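Labels A, B and C are assigned to the chains in the order they are written; within every chain, residues are numbered from 1.
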Amino acid sequence: MAEVTIPPREAFRLSQLLYDARYRSLTIQVIAAMVLMLSLAWLVDNTVQNLAALGKDFSFAFLWTTAGYDINQQIIPFSSQDTHARAALVGILNTLVLAVMGCILATIIGVLVGVLRLSKNFVVSGIMTFYVEAMRNTPLLIWILIVFAVMTEATPQPREFREGGSAAMILWDSVAISNRGVFVPKPLWGDGSGVVVAVFLLSILGIFILRRVARKRQEQTGQQLPVFRVSLALFFLPALIAFFVMGRPITLELPELGGFNFVGGIQIRNSLIALWLALSLYTSAFIAEIVRSGILAVSKGQTEAAFALGIQPNRTMQLVILPQALRVIIPPLISQFLNLTKNSSLALAVGYMDVRSTLGGITINQTGREIEGILLLGTFYLIVSLIISSVMNLYNSSVKLKER
Amino acid sequence: MSGQSSIAFVRGDIIPPAPPPPGQTGVLRWMRENLFSSVTNTLLTLLSLYLIWSVLSAVMPWTLNGVWVAGSLNECREIRDARGLETAACWAVINERWLQLLFGFYPTDDRLLASLFYAEPLAAAGGMDAIFGAGSNATTRIEFVNAMKADLSNLTIFFFGYWRPLVAVALLVVAVAPILYANLPRGLLWLSLAYPFIGVFLFWGGSVWGPALVALGLVAALFLGRLVAGRSGLLAGALTALGAFVVIFLNPLGVIGHSGLFPLLPHVKGVMDGLLPMGLPAIPSDQFGGFMLAIIIGTSGIVLSLPIGILLALGRQSTMPFIRWVCVTFIEVIRGVPLIVWLFVASTLLKYFLPPGSNFDALLRVIILVTLFASAYIAEVVRGGLAALPKGQYEAADSLGLDYWKSMRLIVLPQALKISIPGIVNTFIGLFKDTTLVVFVGLRDPLGLTNAIRATPEWNGIYWELYIFVALLFFTFCFFMSRYSMYLERKLQTDRR
Amino acid sequence: MSEFQTSIEDRQIDRSQMKVSDEIAIEITDMNKWYGTFHVLRDINLTVNRGERIVVCGPSGSGKSTLIRCINALEEHQKGTITVDGTTLSTDLKNIDKVRSEVGMVFQHFNLFPHLTILENCTLAPIWVRQVPKREAEETAMYFLEKVKIPEQALKYPGQLSGGQQQRVAIARSLCMRPRIMLFDEPTSALDPEMIKEVLDTMIQLAEEGMTMICVTHEMGFAQAVANRVIFMDQGQIIEQNEPKAFFNNPQNDRTKLFLSQILGH
């Protein structure tokens, strides 16, 4: 064994801070940290001085004072006597409702448009291309305003729904679209409806078990069970049977005209509908592009290889194309969801009371707490986006191709 | 014939190409294959055709029967009824207000208009000085200008009254062209470098010495830095440039002459204005508006965000944990919060963060925040470009002995940025569309102006025509940009093969 | 391999300049390297004299590429010393820069800069690292491009050249820095068979001029014709080294025998 010779220790020289790999990066980072601290200190100092000059302090106590304003669309009960914190919560829920509804509709439309755009039928693909280009190249705000204008200017007033009026309710007199909003039936849960719901949930559990059993069966014996048809039956039949056995416990309360407006049912404000539609339509154009390029990204060779093995076209889609396409589609899809959520802050344009309008709007105007309010608002959006992007990272690491 | 020779074959004559059997070509076959190949496909075709028909039959009469000349919405409706039409668009509002939608309340160059197209009434009113001179009567001037504008066509006012924004935008196109199209003469890049100063001067006006001196100061600082860099290394050069910049622009501790924080620039500018006054009428940013505002905010946001975005992307790739952490945090915080919230930061919070008493105009504040916002997105785009570079490029640069900044500047960034251009263009399109949000902080973007137009008694209650016009403006611009970025993407794909 | 062996044997190799001097060019003592916990290089001891032409071979994953990448500090070693031309590679960044500008490296995938012309590829480092005036750098570049027999391609871009031409440009690019040592990391592995010869020819030419070379390659014909020493590596260590003749005709270690039988067997 050769003896390890340790080079003689040199005396530390100042130039080593810059030219020695051990210290250089540390030096740079320390300098960067100092610069950062100094600038932050400068900003904070300015803020403190400015606040002092205005006679303000920095405190979140305003959250627990009475809000004193009403919120027209609310999921949890809220009155003007409640606190600003609760108003913020109502706003947050409104934002989340809008975002979730938007993501669902946008995905449905987007997948449909994306697949149709790949159609060989040039009339169909032409319409879809037009749709995508029109949506993508025009500001979202215009779409929101246009849809809102359609909802408020081009829909009938409630009184038009009277006998002899020009408007009529749709879907067997259950839904009314008016310039006061869209009125839909409200389900009333009678005695025994819990049983129906429980049966429904159980049958969904049953579907999962069925799939698992079928897969095990296939792995062991090679036999393939008719999973799809059985699942479909399981989904509907047990719940329907329970519904009738229990004596139809769930009924619908239909909206009816009373006075100048509809009563009963659930009123969905036009602002929500307009935002929902505009956000979904706008985002769906981007999703369509993602879906299209995801499918195109799976090379033709993959389809051919599957066909050459004798796998049927629909199985090829399910076993070969989709798993690969989803790998490409899902990450940008999730970031579109994130965009949609952030874009929901445009609710301001049509007066929908989302978190930006409650916490970041009226609350700030009433209390004058600009810094605190915007800080909380930003934190909320940041948390949402961090959650969404960590979901994306999880997905990415779970599907990462094993490569050398 | 033996069994062996039966598998041997030699072609004697070549078969000439023949046309395919009948029924395999032609329009009918093509339609059968594409439009009616199966029941589903046929249904889809019919459904699509029905959709097109129902949309067109609803929209076309309204569009084509539109009223083009009218003074108000009511007049429009009267004309429509007089023609016996059920629906008709009132395009008259566009006809009358399109200049406002394009430029907001940006003032026209009335002197030029008067001297070119209104010379006789001007002479009759007492000449240029009587109307526009220093001691002239404001009321007379306004009456004169209104009469002139009523007489002149909107096109004349567009080309000559708004020559400053028009020239600025035209020069912008020329300045951007050499960056986007590699085969234009490289000399044009000098214009690209000079454009920020020319653009600021044309849009905002004021003394020519302001932008000119800033440009000179920058050039001097860079020149000094380069001189030092050539002799004693890049780091020393960069520090010199920075030092020179600070001295020239801030003159701290009175390096030159005065004591204390004495910015040199206004002083020299004052002297130069005294010696050689040159300039255009100054226009404050609160008069900017319309589509022009979208172009100014969008372009300056992207251009200013490029250097920051590149640094952030490099920082995010750095091996130094602290630098990486700072860059990642910055990027994620900016991207996690909607632009509209950042705009509110610009309009309400920025004044808290700056030294007491500092106050600058709303447009500049918006541009600063939009720049920061865009830089986070640009950083992600550039990061993609950096990641797309093969590792061998970094290694080759290292093995030749290039240091970090040299290998970035000479090898990595030129290639990474080229890959990133489509992404940068897409970010620009996104940012450009998002400029409509400035309406919420009180700037007059085209959508804000539609509200302003609706607020006038003549056009109260008009929606569609205005929205459609604004939407078409944005669509045209963004559509061509996105086509360009697709063309680039295709070109890059073939280049890299 | 026989085909290329004959093509090299056909060539008259001028050995007049190929002299090994006593001067030490590279000295590696007890060098160890880990990737995480994986021990890639174990107790490497190697002394290369000026003018030596060394071929390193071994199965994939044996650490041969890592070894030569350590020599110009593309990879960091954790233990032991590497001294190149009297400069010991340490954490001092100046030393790393110095070694890199004196050691040329040729990669398996050429790694030419696709956004620069051939000429610009060759002049970039001299101009920016050595601070040579542009005209002089271009003259040097043309000299070396002529030497690798592609002066007419100087204004083209790498993408327009064949693999063999690109690799010759990569050699010329390294030579423009006037290195005293050249490292080759499997320079012919990514090439089509008909292009290997032109690259090997260029390398032989370099050897004839007395360049100190370390080549990681499986071109045994080249090793026999040019090398004065062949090193066999496996599992991160030097298993056997010898003169080419003895190495090929009379390998000692079983691993070496197995390896040689696998690559010469057919």
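What we mean here is this: contacts are C-beta pairs under 8 Å (C-beta built on N, C-alpha and C of every residue); 3 or more make two chains touch, one makes a residue touch a chain.
Because the structure is a prediction, the values reported are computed rather than measured.
The greater number of contacting C-beta pairs, out of the two interfaces B-C and A-B, is seen for A-B.
Distances from each chain's CA mean to the overall CA mean are smallest for chain B.
The greatest centre-to-centre distance from chain C, using averaged C-alpha positions, is reached by A. Our note on geometry: chain A versus chain C, Cα centroid distance of 56 Å, whole angstroms.
With centres taken as mean Cα positions, chain C sits 51 Å from chain B. Distance from the chain A centre to the chain B centre is 30 Å, each centre being the mean of its Cα atoms. Listed in rising order, the residues of chain B touching chain A in the complex are 33-35, 37, 41, 44-45, 48-49, 51-52, 319-323, 326, 332-333, 335-341, 344-345, 348-349, 351-356, 429, 433-434, 436-437, 439-440, 447, 463-464, 467, 470-471, 474-475, 478-479, 482.
For chain B in complex with chain C, the touching residues are 390, 392-393, 395-403, 406, 410-411, 414-415, 418, 495-497.
Contact residues of chain A toward chain B in the complex are 25, 28-29, 32-33, 36, 43, 46-47, 49-51, 53, 116, 119-124, 127, 133-134, 136-142, 145-146, 149, 153, 342-343, 345-346, 348-349, 356, 360, 364, 370-371, 374, 377-378, 381-382, 384-386, 389. Touching chain A in their complex are the following residues of chain C: 29-30, 43, 45, 79-81, 88, 90-94, 96. Within the complex formed with chain B, the residues of chain C that make contact are 72-74, 97, 100-101, 103-105, 107, 109-115, 124-125, 128-129, 159, 173-174, 177.
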